[in-house]
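One structure follows; several queries about it will come next.
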């Protein structure tokens, strides 16, 4: 909705400018009304989120991990919401796939502990400083041992086939069916 | 819309006053009729266009497998039938979620649905088999108005012949040659079937592993 | 007399682990079979009937929806993702569709917007009825719970008429909705139902929300303050009960909400009672919103975007990009983040259920010091929905 005001939301540009003054290492754009986007290098994410929280971004809604197999990177998207400005903001950062390590942000947004456990379980991202990372989360022990993850290179079809032995009948045109 | 326009309800409107006496007012419900429907002694009215069992117009089905591709539960398997040029979908109600996206995508409107929804068995194998069928034309299903599955029995023979016995005793017989998108060896290879194969291939978004 | 060491040794020989307990405390496994937790488990360390420490243990409902969604065509995912939220399945449908609409650059037709808004509000009302049922059962007011279940049935019948299914509607799709409104008769029925529920709300008030016992039971338990709530990502009525007027329908308006007039309730206490009252007031507001929508009437026009790609759904492709959409569900801020790489299947879908914030850290901290009998009530006052956590 609100297509006509795309990229010309003056209030959003003001917020971006204000934040970038305090955090010159980041890049920021206005996507559309009430949608901002920031790109931050991985080692400055704690600084940036601290600045953001001090400037009105009170809520951390989610930390989404996206596995970009071709680039060999894992993208973390911190979904922030600012009640005082009335805007959503995505803070994106990229990590190398092989060694996905980033500092935890749970001292800024304590709820990040939960989101980081989730991202650790399914995308094998290590958040340094999060004490509950190794605690059992959603997956069962046997699944965790065989390495079930939501990363793109995990052989989900093969795993389902091994575990549930249900897919034999449909094998010939596997590509055209879903799991 | 701006944030300033939030209309905040005054607190006294939200707050309530606790009372000792008011809960006793509900005693009046002792003298009211229950809202419960006593199934099976009373009947419920099912909405028109309730998403229930499928129907298939065998004449207009072109076997394009659109339904098989959109099915979220992988309940649809294409079945080659003797005498039919193109495969027809076979629907397994053990998997079907009744989303009816297959009905939406059907390019010739051959696949449809009726309101019939009662899917209960006594856990006998021959009963369970009823719910894995090639749907029949609408007029054969609509004959029965008690929302039950129209089939009473499926008889299977060695040579692949299948006989559907409907609940009113009428019979429907055909021969299954094989399953899948490719025509089985028993069916004569048709050029039309080849072109269907071609259509499926270009799927760049699928290479996930 | 068997000593503790012997027991521990014997357990280890049998492949189990027994931990020595601290003096005066014991461990209690609360759930997943317990009715109040709805398939999620709490490990409570108890001292007498007081909770000393609580550890949330989710994962019993994990079905890997986010991964499965990467293997299915765009539209098919609707039939999958709505299973994340059982009481209001229209919310995951709507957020996913809104995110895909944004990626496609589609402006949904007005009629579709009206229908979507109505469906979302109906979902809110029926979810609140569901919650009232849960709360009443946990308070021991079984009568009110059964009323709520019976009234919810009326909305299920309306949904059945509109969408063709009772619980999982699979109705909102990218580009609009799947079916048109069945006719004026349905609109009349909806208005009658709203009137009827409004009338019955007085009985609810008498029995639950103005009941002295409810007040004694809910007041002062599970208290959280504003700062704590914001830090912990609490949203929805739970946040409004601590004094923050954050409602997605106002803060980030979508569909027809900018044109609708409704009040946002705010209370300051942040205890279970405040949360219950905020929900009760919002329920009333939702009925007003439905009335306003009916007064407005559905605009004429198509109920779906007219686009050739909607003709062949398995080959529906979405341009590369990412979008975030969220709506105000009864539990809080429900959001979807959708990434496309241009293919006929999503590259990544993330659903943000409000309970992932409420059900883990908030519960663990609110339960400390609570009585065992209050645990179900605190869980219900937060309206914790475990499928949001497990997905």
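Letters are used for the chains, namely A, B and C, taken in the order the chains are written, and counting of residues starts over at 1 for each.
Rule of thumb we're sticking to: contacts are C-beta pairs under 8 Å (C-beta built on N, C-alpha and C of every residue); 3 or more make two chains touch, one makes a residue touch a chain.
This one's a predicted model, so the numbers in the text were calculated from it and none came from an experiment.
> Looking at B-C and A-C, which one has the bigger number of contacting C-beta pairs?
B-C
> By Cα centroids, which chain is closest to the centre of the whole protein?
C
> Where the centres are mean C-alpha positions, what is the separation of chain A from chain B, in Å?
37
> Per the centroid of Cα atoms for each chain, what is the distance between chain B and chain C, given in Å?
That pair's centroid distance is 27 Å.
> Go ahead and note the Å separation of the Cα centroids belonging to chain A and chain C.
Here the centre of chain C sits 22 Å away from the centre of chain A.
> Hunt down the residues of chain A that sit against at least two other chains at once, touch-wise.
83, 86, 156, 178-179
> Chain B: which residues touch two or more other chains?
3, 69, 71-72, 203, 206, 208, in rising order.
> Quick one: which residues in chain C touch 2 or more of the other chains?
Residue numbers touching two or more other chains: 71-73, 76, 251.
> Tell me, which parts of chain C touch chain B in their complex?
Checking each residue of chain C against chain B gives 70-73, 75-80, 143-144, 150, 153, 157, 160-161, 164-165, 168, 170, 178-179, 182, 203, 205-207, 209-215, 245, 247, 250-251, 253, 257-258, 261-268, 277-278, 280-281, 285, 311-314, 317, 341-345.
> Looking at the complex, which residues from chain A come into contact with chain C?
Chain A reaches chain C through residues 1, 3, 34-35, 58-62, 64, 66-67, 77, 79, 81, 83, 86-88, 90, 109-111, 113-115, 118, 122, 136-140, 150, 156, 178-179.
> Which residues, counting only chain B, touch chain C once they are in their complex?
Within the complex, chain B touches chain C at residues 1, 3, 5-9, 11, 13-20, 22-23, 25-26, 29, 35-36, 46-51, 66, 69-73, 97-101, 104-105, 107, 203-206, 208.
> Given the complex with chain A, which residues does chain C contribute to the contact?
Per the stated touch rule, the residues are 57-59, 62, 64, 66-68, 71-73, 76, 105, 107-108, 230-233, 235, 244, 246, 251-252, 254-255, 322, 324, 326, 333, 335, 337, 339, 347-348, 350, 352, 356-357, 360-361, 389-390.
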